[in-house]
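Given below, in the form of structure tokens, are the structures.
The following pair of complexes shares a single chain, chain A, combined with chain B in the former and chain C in the latter.
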Partner chain A sequence: MKTITKLTMASAIVALMGTAAYAEDFNWRQFEGTEITWAYDIHPYADAVVAYLDEFEELTGIKVTAELYPDDTYWGKLNIQLSTGSPDWDVVGTGIQPAWDVTPAGQLAGLRGLIEDPNMTSPSYDYEDFFPALRAAWTWDVAEEEIIANPDGEIWGIPHAFENMQLMYRTDILERLGVEPPSTLPELTIACEQIRAADPNMTPMAVRGVRFWSSIHTAPISIAQSYGVRDFVGTGDAMDTALDSAESIRFHKDYVAMIQACAPDSWANDNWYQVVDGLSTGTTAMAVDANMFGFWNNIEGSSDAAGKIAFAPPLTAPDNDEFASNIWIWSLAINGASEKKGAAWYFMQWATSKEMNVRGATDGKLVNPPRSSAWQAQEWIEYANQPEFNNFYDTFNTVQEKTSLLFTPRYGFGAAMNAWAVAMQEMVGGADVEESLSNLAEEIRDEL
Partner chain B sequence: MHSRSISLLLNVLVLIVVFVLAFPIVWILMNSFKQAADVNSYPPAFFFQPTLENYKVLFDIAEAGATNYGTIKIQFLKPVTSSVIISVGAVLLSLIAGVPAGYALARYNFQGKEDLAFFILGFRFAPVLLVIIPMFQFFQAVGLYDSYLGMIWVYQLITLPMIIWLSRSYVEDIPLEIEEAAAICGAKRSQIIIKVVLPLLRPGLVGASLLVFLLAWHNFALGLILTAKNTPVTVALLKLLNPGVNFYPVVSAGLVVSMIVPICLILLGQRHLERGLTFGALK
Partner chain C sequence: MARNKVKSGNMFLLITLLPAILILGGFIVLFLWGFYQSLTDMRFGRSRVDFEGIENYARLVGRSRFWESVSATAIYAFSAVICESVLGLAIAKLFNTKAVLAQWLRPAILLPLVLPPLSVALMWTTMMNPETGVMNYFLSFVGIENFPWTAKAETAMFAIVFIDVWTFTPFFALIIFAGLRGITPDIIEGARMNGAKAWGIFWRVELPMVLPYILLAALFRIIDSLNQFDIIFGTTQGGPGNATDVLSVSAYFTAFQNLYFGRGAAIMIVNWLMVLLTAMVVVKLWQYTRKRVGGYA
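Our next item is the complex of A and B:
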């Protein structure tokens, strides 16, 4: 009850701070009367914004229509909207990886000009407040079907909230079975064997396995870093894949052994839904996936797992304790074909403002908030450190230092990484690791 | 004794089929009146404290957030209304255009008649995804995107071929002599069609209309791509799948509501539906 009172007070303070911040010397009503459409995945991140849309409309006089679709459907529809040059959606939710494939064709609008224009961006917006790794990940230049790395290049999206990859485990299950949380990939394989021996009905470990790059971007790419694996090396015409390197072969042998020892029979069809379901219902003991799934399921009353999910950094190679964590950043971007880019940007800067970041986070939805100021805000610190969240806050701070986008920015990202996911399925199915990686590398080289 | 055993066996088989067909619907109906905890309970709960909360959430009567459904408004009445407008409109337009076409195919002989008939039927074979992106661009260009008019028009891909082919078959079932008798009595062609043929076709057309209405009602892909605010109920159901919340009971309530309109129509026109399916079957 005390917590609720504190949170209510904190929310009230944030709301007052928000009003004060928006009342600064900045013309928020420049686009009064404009109507825009914001499209997004049906997601708690969308909830966090929808809850306060009335306030935005009151502040700016801009009417926002939220068009929301479930995950798979949303990506299909977004692809059609952008590729056909439809101006129908003004602001879209997207991620960096899909953006690599659409920015060379001008399907997203550049944002640097808007951010740096004092007539378009509130003085309190503070773009530098976003975590450096997130800003860096959204910055590049484009040339004909090319992504050109440039830290001072164009900015294509604003982080809305993000996921970093961690090991999550059910404290009650590991305690009951007498298993310690592992820290290396071979240790994980041994832990899985112990769990299976102690409770044959328990799935020791869940990770995504579907034939889509999203299976790669959680556990494999994060753990592979510790083995020294890179997806690509070199730049420009000299770029080459390193997925058939000795480091990659070593990693894949350990990873395939882990999947064979740990994952359920349904692994090849498992997406995040199944991974999270397993953890929240207690049919799975551990998972490597986005940390906010553990956070949401720890919220009191949200699931049977509430308060029972703890966090640890991603696993490492046996001879290297340096872990790495990949990120997925749900971000807001402006459709390149939008005819209302000014109003669209106003909505984006409000939705990604400091005030909205803290509000969304303390509402339990916008997790992880992408602004460093949010992680220093007292109300978020108090909320995220409640006992039900176990070691969520501290683990985030530990992992965030070693979190970055681990894929190489390039046009054609989707095709190559999908091929990696397919090869992973073949290897887990029994195909020779070296031969599979050699075939995968050849396939990718053909497309380079 | 032997026939009694067979009869008993057949009755048991019918009961099994009824159970298999009805169980998912009954289960969804039960889920729609359950609390989230009862939906997820194991073993499954057959006895529970019923609640109307899921229906309140569906129609936004409950306070947002009070039901753990998040803050996204659902407003389910709008897509139900949209589906009724689109499906009824599509069936009416198909009847207006399709019955004369079916009559012409049945009664007139002209070059390429069969080719034309199969071309029309070909729309039913074409995968919707094949035409959806050009349709999307075309609809955007001419301003039909997200409009009822556009949806009624594009739904002709589903409804019109069926109406044409069924009405052709029905007309062929009517003896030509009846029309010739009316002509001998001095009736013009238009009078023959309106006063003789259409009344004879009516039972079949009512059944055929119900049939194509169901096809239109259940269509998903066209509504998904070609609408935004005026989405049909099939797309609205998909939007209930919110991974951030426990959505099963609310989705169940949505499924129940989306079934009400077709079930009412089927109950009202059951006699005609049967007639529509068999009309013209015997030559």
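Our next item is the complex of A and C:
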């Protein structure tokens, strides 16, 4: 009973503090009575916002309808909603890579004007508080069929939470089998062979393998960077793909050998669900994917793996200590066809505020929070450093220094990177690496 | 007076037919719109759309991947329909007996047909997982270990045809069973009196008489199989590599993942042509067999 009373009082204090944080010299009720629709993936990041929607409605008088869809369905629907110019969805969840393909036609609304307008943005919002790499990644200008890099250009989305790519491993399994966490790609291949020899029923390593660009954006693009591989070189009319370069051939030979030695037979059908499932159920010893999957599965009671997943930077080339980590930034953006952009921005502003960032993170959902202030907030530091999360916090800080968006911003991103994923499946299936990369490069050049 | 009656009768007919005409007109307009899009360079994310004539088609026929898709579509559809018709015939023959097994199987066989194809795909994806799936557990009893199913290019096509066969063989069985039930006992008795044995009765009497039924089921199934999307997308998504990248999946990827909508529309038009030509051949065959058995089906 005493515990319940304490919890109730604590909740009341937190709620009061939250309200106080918004009770400033800013008119939050400018769009009172407006109804907006927010569409997002079914995801813990969405849950982090849904849990507090009532507070937003109380603060602003804006009614928000959340439309949440399963991942595969969501992206198809998003493409259709945006491309048909439907105003049904006001705020959408998206990422930078898909946004490159839709911003040239104005399917997302520019946000710089709203952010810089004191009548539209609360003085405490502090856009500069978002990690510089995340802000830079969401800033560019557009022309017909072109993304133009410009650090002072238009802002198209606000980071909601983000993932950086890391090696995650089951401490209990590696200890039992006497295997050290590897740091280079060839070391990983050797570690996999050791694991297979010690326990034939154990899958040594899991990475995504489906024929979508999402397979490329986790392990391959991060590890390839250390081999000196770039997806594109040059700009404008001089832009060319570098996927058939000597560095790329070297990387792909090592990567294909690693998949053949490490990954489960189902690799070509594996998406993040299978990768995470293997790690959490203990059928897989290691994985390279987004770090928050390790975090979520470490939460006490969340899975059999709770407290047993540790983190390390992505693997490197054998002759290069410099690792790199790619990012995926779940972000909020305004549909270019929305007729309620003001109310939509209010919702985005609230959902990505400092307070919501820390709250979502300490609820164990909004991980990794994209604001640097969240990483300095005592409550988040204490929460993320609990023993059950192993070395999550420290590894994040190490990796974040070398985390950036490793793809070249360009219209037509999806087509080229999907082709890369298909070529990867062919190479792992036994196709000649040089010939496959040559065909891939030819296919991509055909579209440049 | 009589002329007025005819006029009002015609008007009534027109009004009652109007919804059907409008719906049909809607279909035709949409189809023509899709065809027009296939002649443009329409892309999601770009406001300008230029008419390009047959460039999308010329581009397709010049690419080996397109022909691999055509080949995958044909292999998938024809092998599935052939297997389903043979198995469907065998099951229908069993149903046409008084065996206890037949009594039990008749209602149970409907089960795969009432499941949504995407659910079927997800169910089989789990069961065909090379490491954790139950299918490899069963295969281990006959000495087959780690069969890769959908995970390797060499076996992926077999795996998805297997799923199609599991799902739609009951459809064939039911249609053929209806055909077998329509063969009156006096026809069989007449054949028997003329000295025909069981195999002869089946080969010379029953099979020719149910052939129109088989072709009728084949017509529906070949149309569906040539367009099949759910089962393939739900299992292999067209992979590994391009091993199962049938036209419908290829069109989806081109239009909705790679955002080349004009090219995706062109692939769908080719798919439609493939369905149309195949369906016309099957209809001709059906008409021919029907005539041979004197309008029996």
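Following the convention adopted for this analysis, the second predicted complex is superposed on the first by the 431 of 448 C-alpha atoms of A that agree within 3 Å, B and C clash if a C-alpha of one lies under 4 Å from a C-alpha of the other, contacts with A are read in each partner's own complex, and residues count from 1 in each chain.
Please note the rule applied: a residue touches a chain if its C-beta (ideal position, glycine included) is under 8 Å from a C-beta of that chain, and two chains touch if they have at least 3 such contacts.
Treat the numbers as computed from the prediction; the structure is a model and nothing was measured.
Touch criterion met: A:Tyr273 reaches chain B, while chain C stays clear of it.
In the superposed model, A:Val210 makes contact with chain C only, not with chain B. With both structures placed on the common chain, the touch criterion links A:Trp296 to chain B but leaves chain C unconnected.
Judged by the touch definition given at the top, the superposed model places A:Thr73 against chain B, while chain C stays out of reach.
By the document's definition of touching, of the two partners only chain B reaches A:Ile42; chain C does not.
Within the superposed three-chain model, A:Ser86 lies in touch with chain B and out of touch with chain C [touch as defined at top]. Counting residues of chain A touched by each partner, chain B versus chain C, the larger count belongs to C. The residues of chain A shared by its contacts with chain B and with chain C come to none at all. Within the complex formed with chain A, the chain B residues making contact are 64-65, 68, 70-73, 132-133, 136-137, 140, 145, 224-225, 228-229, 238-239, 241-244.
Residues 76, 79, 82-83, 101-107, 144-145, 203, 210-212, 264-269, 283, 411-412, 414-415, 418, 422, 425-426, 428-429, 431 of chain A are the ones touching chain C in the complex.
Residue ranges on chain C touching chain A, taken from their complex, read 44-48, 125, 129-132, 146, 148, 150-153, 235-242, 253, 256-260. Considering their complex, residues 37, 42-44, 46-47, 50-51, 65-71, 73, 77, 80, 84, 86, 88, 273, 296, 301, 365 of chain A touch chain B.
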